[in-house]
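Every chain is named by a letter (A, B, C and D) in the order it is written, and numbering of its residues begins at 1.
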C-alpha cells in the first residue's frame, strides 16, 4: 500500500512506490488519484507492470494518490476485489485501500445489509466505506474514527477524498505503515523500502490506534482507539518483508541475520557448509555461518525466469527430474555435510523437496535449521497460512518432522531467540505478535466467520 | 543452446533446458525438432516464456530437438535473426544454432555471394549452412568438418538433420559446450546448469576442435581441427554463466568465491562490512569476507520485478531519486566503511551510480574491489563489450578510475589471481582466454569486418 | 440483452445470443450465470469476442444466465459500467442488466444517498438494485414491481437471482424485449435475430408495463404499471435493429423496404440508378428502386476490415483522398444521375462526405432521399443522438440542408409515410414513438438531469 | 499486392492500399520500403490491422514501398512464408512479392539446389530471387526478364531494389495487376479498389508478358514474353475480387449483375422472391431479380462479428441449431418460393447448409441458381480449390446435385453466358480463363509437382 499527498507526479511516484512493495501482492494493482475536485481510478488483475502503461498513469492527474497491490489467497480473484475501491456520490467521492483482516466483517455486513446496504465485493474495504457513510454524507476524521472503532482485527487503511488523505493502523499495530517525506510531500507506505526507491526519507511509524490526516493544512494526528502495546507481526520480519525495509525502526535483513546467529547458538551442528533457501533465508544463513565459523555457500540457486506464462512440467517431466524453481549446485554440495537454513516450515512439503534435491546432488548429510519457531496456529490477522490440520508443527514432534522431511537433523529457533533477534528496545514499543507460534493472540479471535484477508 | 537426441519428449526437455540458460539470451527463443522424416521449427522474438505455450511445444514432435535463446547487442533484432535457422531442400532439411562470433564472416559471405548465394539474415549461422551445402547436397560429417575448417573465430554449433545431431566447438575451445545423459538420451548444453534442471547427468566437455555426431548409432567423435590449448572465455566465469554451472570441470560459484579470496589477499582494506553487487558478485563478496574476516552483508538489494513492460522513470523522476534496479539497505550501510565487491567494470557508469547510492545511504567510506582484472581490450569472440574508446580501464589509470567513480579506493584482481581462481589443473587443459584483460588473443584478429555475434 | 432459463448450456447459448445482438453495443460485454445456489459473472470492456474465451464460458456454470453488450456514448467507459452488475449479500445475490434510460435517475440517487446508500457506478442498473433492496432483503416479484414503479423512462430490465429470472418493459413499451423457446427453456432477447441464430422459436413480445417471472414453476406474468399504448422506438426500425429481426411482430427489413416504397411515392425523381448507404439503408434503397422501376445498384461499398486496431488516416492522408469506411464504385456511378438513399440524417456531416464521394466518382447528379422524417428533437429514451444545436433538421429548412450537403435535391419521408411503413395493425398495439421527429414525447421529459443511457 | 514509387508517405499509402485488398489474403501481411540506400521490412502472420501499428509504419521510411497480404490454403502458414521477402547481399538488397502459382517451381528448385542454393521457405517468391541472382549480382531489368522467362505459370510480381520498382504479369495475363497515379507517384495494385480508397486514379492494366520498371526516370515498359491473348481468371469476376474493382476495364459488380441477368434468361423459374448469398452473390441476385421482375429481398443476413477470436459452436450447439455466419430472415422467407442465387458451388457442403436453413425458416420451395458454370477441374494458377475428387460438379449430374443439396431445382449459368457477362469487347483483349469450368488450360499443366500457391 502506498499513498502520497502534495506532489505534482503523485500517480507516477505511487507507481514506483508500489513497485518496491510488489512482493506484497501480485494478483492485482490499482492507483486512485485526486485532482482536488474529483477522483480517478485505474486498476486491474495482474502484476503492476501489466496493469499500468504510461497512458494510464498520465490520466491519473492530481497531486494526491493512493495505490495498492493485491494479494489473493483462497478468496475471490476478480477485478472487483482489486483495490483501491472508489465510491462516487453526489456529495463527493472516496477511495479506500487496506491490508490485513477484519475479524468481525461477517457480522458487520449482516447488520448493514439488514439496513439495506448493497455490497459489490467481498472485500473488507467496502465494509469500511459503508460504515463511514453511516456517519454522514461528508467524510470526516470523526466519521472515519467512529467507523474504525467498529472494526475488530489487524489492519492498515488508506482513505482518500478530494482534499484529504487519511491513514490508520489497528489498535495493536499488528500490520505496519510508515510515514515519509519527499520534498514537501508526505508519503505513506507499508514498507520503508518504498521510500528508498523513490528517494524519500523516513519520518516515523504510524502508531497503533492512530489516525493520521494529511491535507493542505499539513499532517494531523488523532487517536481512534486506546493505545495498546505494539504487536507487529513477526512473520513480516521472518519472511514477508523485503530485507532492505525497516519495520518499527528495525532493519529486516539485520533481524534475519540475528535470527541466524541466535539459531547457531541454540542449535549448532558439525558440518562442512551452510546454505540458505533463496531468497528470504539468505540473511539468516549468513548469520548462522558467521556465528559458527562454517563457510556460507550458494548451494541452492533460484531460477529468475519462472513467470506466469511459464509452461509447468508435466508429472512425467517431474518424475524425470525436471525442477524449475530451485537448482542445487552439485559442485558445492557433493560429498558435503550441509546445514540448510530456511526461514520457516508451514506444511513441510517444500522442505521435503529441497532436502531430497540436496541429497540427490550428493550431500552426505542435510541438517535443517529453521530461523523461526514452529508454526502451530493459524493467523487471523492477514497472513495466509494453512489451517491447523495442515501445519506440520501442530501435528508432529521434532523427531517426526525430521523423519518426514528426510533430514539428518532438524532444529527451530526458540520464541525467545526470535524476540531477541527482532526487538532491540522494548521501551520504544517494539513488541511483536507471535500468535502463530505461541497461540497468544493479541486480538480476541471469533472463530465463526473470520473469512477475508487482503494485503 | 541446447540439443537432445533420442527422447520422446525432446522438444519439452529442450524448453526446460533453455530455461536454465535463459540468462544467456533474452531477445528471442526457438526450438527445432526432428521426427526422423522432417524438421519443424517454432521461434520468435521475446523471452522463452513468451515465445512458447504448450500448443507450440506439442507441435514440435519427434525424438530430437535443438533450441536456442537469442542474445542481441547492437545488431539486428528481428525474427529473422532468431535461431535455430531451418533450411529445407528437396534432399533434406537442416536446422542450425550457434553461439559466438565468426571473424571472417564478412569475407566468406562476399565469396559466397559472388558465386550466387542469397542470404536472408546477417547471422553467421546461415553462413555455415551455405558452406556445408557447398560440400554436397547431403549433410555429412565430412561436409560439416570441411565447412568448419573455413571458419575463423570462437563458436559452438548445433546442427540437426532428420536423423543426426552434430555438435562442434571452435579449435581453441573459447566457447563452452557440454554433453550429458538423461536415461538413454544424449543432451548437449552451453552450461551444465541445464543438466541439473532437467535431471540429466554430466558426461564430459566437448573438446576444442571436436565434432560430435549423435544418432541411432550412438555418439561418435572426430577432429575437424588440430587440437589447441583450451582458452575458455574467462568472462564466462567472471559474470556470464550461472553460479551453479560447471565449466570445463570447474564450478562457477566456487571459482568466483576464489576470485574474492585472491582479491582479499591482493587488496585488503580496513573496513566494517563487505557487500556484493547482486547477483553475479555475491560469490566473490562472500569469498572476500571469508578471507578478511569482515562480516558479509546484503547492502544492495535487486528489485525482482523490473521486467520489460515496466514504465521507466523519467528524467524528472530520476532526479527526484527514483532508482529501480538496485536499492541500498540504509540500515546496514549507514555510518559504515563499506567494501563493495563487483565482478568487473566496463565503462564505469554503473559503478558511479552504485558508489553514489551507497554514499547517499550513509556509507562513511566506499572501497571498490573488482574481482577480475581491468578490461582494456575489445572481445572479438562473442562477448558484447564496448569499444576501446569506452572502456574505462583502457583510458585511465587506477587513481583516475577511483576519482571518476567517486570511491575512496579501487583495486582489481590481477590476471595471475584470476587464473589461480579458475584453473585448478592445467594438465587437464583448463586454459582460459583473458584477451580482453591482457590483449593476448588466441585467434588472430582481423580488425576489418568482425561484425556479428550471437550467443 | 439476452437471458435464458433452464438450459444446461445457459452461458454458452447466451454468448451466441449476444453475438446476434453485438451491433447493439460494442464497448463491453458480460454474462452472469446461476447454478441455483450462487451467481457467477464474467465481463470486461471490448467486443464480445475479446471478452470471452472458452475457459470463461466454462466457468459460468448453471442452467440460467443473463448477458449484455455495452453501448457507450459520451459517458463512462470503464469496467465498472459494463453490465450485468452483480450484487452479493448474505441473503442472496442478484444480477441485473438493462437497456434504455431512467429519466429520474439523478433525483432517485440523491434520495438514496441521503439515506446512506453507496454507489459504485453511474449506471441506472445499480439504482434499481438499491430500490429493490429497499423493499426487503429477499428479491421478490413485488419488490421489483415496486422498484420499477419508482422509475420514469424507457427501459427493459433483466434481473436474475439464484432461482428466478425476471424481465420487464417500461409502461410505454419504448424499448423492445421478446420471449422465445428453445426446447423446454425460455429465452429473452432485445431482438428476435438472437432466437434465429440459436435455433429458438419466437413466442411473444413482453408487453408495456409487464413483469415476467421465469422459474422452475414456468413463466408467470404480472403488471407493474397501467398498460399504455405501445410506443416502440421508430429508430429501432429505421437503423438500429438488424434487418432479420421482427420487432413487435413487424420484420425490420420489410419495414425498411416499405419506407423506401413510401419514399418513392412521396418523393420520386428522374434518375439513372438508385443506391443505398450500406448497411442499414440497403433495404429502403431496394424498395425505392422497386417502386420507381429504376435499377438498384451497389454504388457504395463498405470496407469490412476497419476494426479497432486499424490505423486511422492522418489529416494529410485524408486530404490526399484516403477514405476507409465507404468506397464509391466508379464503374457504376460515373456519368449517372444517382438517387442516394440513406436511413436518416443527424448532423449532416456524413451526408456531406458521401455526396462529395459520389460526385468525385463522376456522378452527374446526386439526389438524396432519406427514408425517415427529419430529426429535430433529442431522444431522452436511450438512443444516443446529438443535442438540438447539432441536429441539422432542427436548424435548417430543406433548401438549406440540400445546399449544405451539396446534393442536387433532398427529400425526407413524412411521419405518416413512416408510420404506414412500420405499423401494419394498430389493433395489436403497434404504436411507435417518433418524438425525435415530431416532438411528441410519450413520457414526460424533465430536462434537468436526464443524463445516463445504456443499451 | 500493392506498390508505390515516389511518395513521401510510401509505407502509409501502402498500408491503406493493402486495406482495400485485405479480402485477397488474411493470413499474413507485410510491407517493405526503400529510402534509396537500404530496404526495411515489417511483416507477420495475422490480419493487416494486427500486424501494423503506427510505430511499425513510421519505421518504414523512404519514398518507395511494396506490400502484400498473405493467403494460405493447405500450405505453410508460418512467418517465413509471409511476403514480401527481403534478401540482403553486399551488393544490394531486393524485396519481392508475388501472387499466383509457378507450375515448374519444383523442378527449378531442384536444379538450383543441385547448384548449391539454399532455400528458407517453400514460397515461389524466393525462387525468383535465386533466378535473378543467377543473372548477376546487380538486379537489372534484363536479369528479371531472363528469370521470368524461366517460369511457367500464372503470376504477378512486384520487385523492389534500393532505387527501382519492377512489376510483371505472366504471358497469358491470368492474374491482374493495374497501374495508377496519385499526384506524381505511380502506384501498382492487384485491384483498382485500392486506387479508389487512397484517392489515386487508374492509369492502365499491365499487359500479359509485360515488365514495367518505375524509377526516378519515370515508367518504362518492356516485354519479357511473346504477347498472348489475355486469359484473365474468370473466378476473379465470379467471387474473388471486390465489386467496386475494375478488372481489365470491366467493373466487377456490373459483370456479376450481368451474370444474374444471363442466368435469368437461361434458367428462369416461377417463384415469389429472389435472394442472394452474401456478400459476393448479391450483385447477381439483383440482376436476376431485375431481369425476371421478381422482388429482390434480403433473405439471408451475414453476421459481421464472426472474427478469429470467436468461440466456435460445439457439435452439441450446432445440433441445437446455433448458426453463426448466416442467418435466414424468417419474416421474408416464410411461406415463399425462394430463388437462391449463389456465385458458385465447389464441394456443395455450403449449399446443403443454406438450402436447409431456408427450408427451416419456412421456405415453401428453394430454387438454387448458380451465376457461373459448374466447376469440374482444379485450378493450377493460384485459386485454391478442391481436388477433382471433391468437386461436386465433376462427379455428379444436375439431378444428383439437386438431390444432394436438397433443392427443388438447380441450374447453372452456361460458359457462353459467363463470357457474355464479363467480356464486353474482345478487340481490347478481354479474354478470360475458364479452365476450371471447361478444362481449357491456357498454360500447359504438368501434373507432377504443381504445389505452391500464394495470392
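By definition in this document, contacts are C-beta pairs under 8 Å (C-beta built on N, C-alpha and C of every residue); 3 or more make two chains touch, one makes a residue touch a chain.
Keep in mind that what you see is a predicted model, and the values were worked out from it rather than measured.
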**Item:** Chains in simultaneous contact with chain B and chain D
**Value:** none
**If a chain touches chain C and chain D alike, it appears here** = none
**Complete:** With centres defined as the mean of Cα atoms, the chain at greatest distance from chain C is chain B
**Item:** Between chain A and chain B, centroid-to-centroid distance (C-alpha), Å
**Value:** 37
**Prompt:** Roughly how far is chain A from chain C, going centre to centre by Cα mean, in whole Å?
**Reply:** 49
**Asked** Whole-Å distance, chain B centre to chain C centre, using C-alpha means?
**Response** 61
**Asked** When you check every pair of chains, which ones turn out to touch?
**Response** A-B, A-C, B-D, C-D
**Of all residues in chain B, those that touch chain A in their complex** = 9, 12-13, 15-16, 19-20, 22-23, 47-50, 52-54, 57, 182-183, 193, 196-200, 242-244, 246, 251, 253-254, 257, 282-283, 286, 290, 295-298, 301, 303-307, 309-311, 313-314, 316-317, 320-324, 327-332, 361
**Request:** Under the touch definition given earlier, write down the residues of chain C that touch chain A in their complex.
**Result:** 41, 44, 79, 85-91, 109-110, 113-120, 122, 129-130, 133-134, 137
